[in-house]
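Note that subunit A is present in both complexes that follow, paired respectively with subunit B and with subunit C.
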Partner chain A sequence: MIRRVVAVAQNTFKEAVRDKVLYILVIFALCLLLSSYVIAPLALGEGGKILRDLGLSLVPLFGLAIVVILGTALVYKEMERRTIYILVSKPLRRWEFLLGKYLGLLLVLAVVALLMTLFFYGVLYWFYGGGEARLLWGIWMSFLELAVIAAVAIFFSSLSSPTLSAVFTLAIYVAGHWTQDLRAFSAKLPGSGLKGLGTFFYYALPNLEFFNVKNDVVHGIAVNPSHALWALGYAVLYSSALLALASAIYERKSFK
Partner chain B sequence: MRSLVALFLALLTSLGTYLSVSKLQALKPRQNRFEELLYFPSGIFVRESVVGYRNLVADAIWLEFIQYYGEHRLTDKKFRYLGHILNVLTDLDPKFVSAYTYGALLLVTDVQDSTRGMALLEKGMNNIPQAWEIPFTAGFLNYIFLRKYDLAGKYFAKAATLPEASPSCFRFAGYVAQKMKEQDVALMILEEVLGKSKNKDEQDVLKYYIMKLHLKLLNEASKTYRERTGKPPDRGLQELIRSGLVPALPFEPHREHYFFNPDSGRVCSSWVFRR
Partner chain C sequence: MPQVVLRTESLCKKYQTHFWSKIKVALHDLNLEVNSGEVFGFLGPNGAGKTTSIKAIFHIVRPTTGRAYIFGKDVGRHPGVLAKVGFLPENPYFYDHLKGTEFLDTCARLFGMSKPERRRRIAELLGLVGLEDSGDVQLRKYSKGMLQRIGLAQALVNNPDLVILDEPLTGLDPLGRKQVKDLILSLKEQGRTVFFSSHILPDVEMLCDRVGIIWQGRLVKTGRLDQLLSEKVESVELTVDSLEQKFRPEVSSLAAKTVERDDKLMLTFGDQPAADKALKLCLERGGRVVSFIPQRRSLEQVFLEEVKP
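Showing the complex of A and B:
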């Protein structure tokens, strides 16, 4: 089972590299270098903060672009190219296929995030003599956020077209950052029915603000280890739940 | 051959694009930045709409704030929306220490809105209670510009109790408590803050006030000299030292020098004439 999942994941990664996803690194590098040379001198002594903010924001932003562009088409592409017929005729379970696709996407995100992080620290070293280790917490938590969004993308990719999947994934991404407000609003709603609906969406939507520690790490505030551990657990559980749901739907899907 | 033609066409159309942009820009009525900022949204709205990228947007607003301040400082010296920009900025990034300290300095000095300046610092003290720089700035502004010495002393004492507080917080709290000579304390505080500042615009503001204070001290000495000798110190300010009215000539903060101007009958800085 593991070998089959790994084979699908490896293939997904190779496909992403062939699709020139790693070119995104060039844009990332250009953004960081340009900001270091152009914006930082205008920032009245806050160039270091701006560069740190930019690095910590661009890693998840470009990761999100990869998830939306690549992730939302991953499953659909197999159906469009009709390669899905070859895959389903092999001893490969549908959930193994979905899990492999998801892990392949995570591998792409991990490699891209790692290379961006190395470049980010390189730029910080070049301009400010080095970057603090705590910034890694910000990148790690953003990676967890991307892992959740990747599961959302795979879920929609197994249901609908890439365009619709991209729209739904982005909508969930935005709503995922508003869940705290949703909870606050629903508490003020009249009637238990509406309140219950608000609470349902609060738990059903991914709570992405749990992963947002960028502000803290930039300002030198350490991330609470128990928060980091719970966030990891939340990301794993939420992604697993979505993948399980996607598998359940995919199992019933007819490819005729 | 075809690629050369395509390249030529690309160049030609690019040039055309550049010319049309320049033309359109010239035709567009010049917009007043005041009017633009009328639509600058509230901090809460911006915070919700930028999802997980608040710091990045806060940095963009910091740059906008610098541009807004710089532009008006060089032109009409009206800073109507400065407080609003700072509020939005600190809503987005509540732990941005410089936004509170530098922002409050400008609100108190250039905008002359001490209520808003102090409110910004209070917001900072609530959002980052462990940052000693914020109560220190509150003490500094109360002492130098608002002349509320008791309040200044309280803020310096508060800053001194916070972790990683600069030793100057203890010193200034002590000076204020001992009610040392007001101008000496003011000068020490200004020089200390200038020495710590990494912000060029902030340094300019501080240098200007140090120079003003130096000139005040030198003109007072010059007046006493005139009363004693019946003539101004027109042979140089060294006469003030020789007569024991000042211990030494202070260093002009802009690396210029002070001199007695016989036309105005006052001590001046050569910096004013070089500007």
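Showing the complex of A and C:
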């Protein structure tokens, strides 16, 4: 089972890397470098903080771009191009296929995040003599957030077209950052039905603000390791549940 | 009694594009058996249901009703049985950015093959399909014929006992077609079972032991090729030489058509008994038999008769 999942994951990774997805790194590098040159003379001594804030915002933003561009088409492309016929006619379970696709996407995100982090620290070193290790917490939490969004993208990609999947994934990303407000808002709604609906969405949508520790790490506040551990558990559980749901639906699917 | 390798039991597929649109039956109660070691040709015009049948067997499309059994196991419940099967889809598409060897390696890994085993098998297969110089080229640079060949290679990566090929001869040049035909025959020699769909009838006639003809989603005819064709002896042609003039009317009276050329007499008979009688008569009267050929119907004629609209 593991061999088959790894084979699909590696296949996905190779295809993505050769499909020029890593070009996104060049854009990241240019954005960061350009911003650094612009910020330095204008920031009145706060340039270091601004650059740290910017770097920690750009890493998840570019990761999100990869998820939307690559992840939302990942499964659909296999059905559209009929490469899925080759795979499902072999002793590969459909859930193994979806898991392999997801892990392949995670591998792409991990490599891209690693390279962006290295470049980020390089720029910090170049302009401000170096960056603190605590910034890594921020990047790690962003990666966990991306892992959840990647599962959302794979879920939609197995059900609908890339354009719709991209719209749904972005909608979930935005809504996922507003779940606390959604809860507060639904508490004020009249009627138990509406309240219940609000509560349902609060629990069903991913709580992405849980992964947001950017302000803390930029301002030197240490991240609680137990919070990071909970975040890991939450990301694993949420992604697993979503992939299980996608697999259950995918299991019944006919490929035309 | 030959072992049944592939069996379908009332396999049926209905489609409905939208809930308001009409239900279309793509496949009606397909009951089919393919025996161990035989080459089975699945014939039908475009849109007859050949590909749908194959996809339903593999559960690529979920059958609406019915079951497909491979080596006695229900494919829907025991997908593990696919470890013994190789499959080439129609007009196969592959991963553009993977090299030929990488693609085959991915396929081999899905069967749990070890690294040395995979390396050996991939080199062997690339040689078998004539792509030994193109293994390190990305698949997007392959021609249509090369893609068909790499498709065949992936279908054989696990040394399957049953090989199912959907239109394997489509898109190939004459040389490529000959290679595929030789490959099918060599698989048969190795004792493997081959099930392939095609509408290139002379190739089917040359390769198959048994055929099934599908038309409008229904299996309209199955049988051994020699039986299907011998059932349909159209006429018999007899050519004799050196038969004296005085005996010729007697022999000609049995024939439906007679042509005399030089010293030769060419006779056409509408049925086998008349031809047998004339043959005996010619020999008794001192004629020399040049040829005696039962004219059977070609598979194409049988096929056209079955799929008449």
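Note that the second predicted complex is superposed on the first by the 255 of 256 C-alpha atoms of A that agree within 3 Å, B and C clash if a C-alpha of one lies under 4 Å from a C-alpha of the other, contacts with A are read in each partner's own complex, and residues count from 1 in each chain.
Just so we're on the same page, a contact is a pair of C-beta atoms (placed from the backbone, for glycine too) under 8 Å apart; a residue touches a chain by one contact, two chains touch by 3 or more.
Computed from a prediction, not measured in an experiment: that's the story for all the values here.
Residue contacts after overlaying the shared chain place A:Val174 against subunit B, while subunit C stays out of touching range.
Applying the stated contact rule after C-alpha superposition, one finds that A:Lys214 touches subunit B and leaves subunit C untouched. Contact with neither subunit B nor subunit C is seen for A:Gly193 once the two complexes are overlaid on the shared chain. After overlaying the two complexes on the shared chain, residue contacts for A:Gly129 are found with neither subunit B nor subunit C. By the document's definition of touching, of the two partners only subunit C reaches A:Asp19; subunit B does not. In the overlay built on the shared chain, the residue A:Glu46 is in contact with subunit B alone; subunit C does not reach it.
Subunit A has no residue lying at the interface with subunit B in one structure and with subunit C in the other. Those residues of subunit B that touch subunit A in the shared complex are 48, 51-56, 58-59, 62-63, 66, 93-96, 98, 102, 128, 197-202. Residue ranges of subunit C in contact with subunit A, taken from their complex: 55, 58-62, 79-83, 85, 87, 89, 92-98, 102, 106-107, 109-112, 138, 151, 154, 158. By the touch criterion stated above, subunit A contacts subunit C in their complex at residues 3-4, 6-8, 10-11, 14-15, 18-19, 81-93, 252-256. Interface of subunit A with subunit B (complex): residues 39, 42-46, 49-50, 53-54, 56-57, 60-61, 145, 173-174, 177-178, 181, 208-209, 212, 214-216, 218-219, 221.
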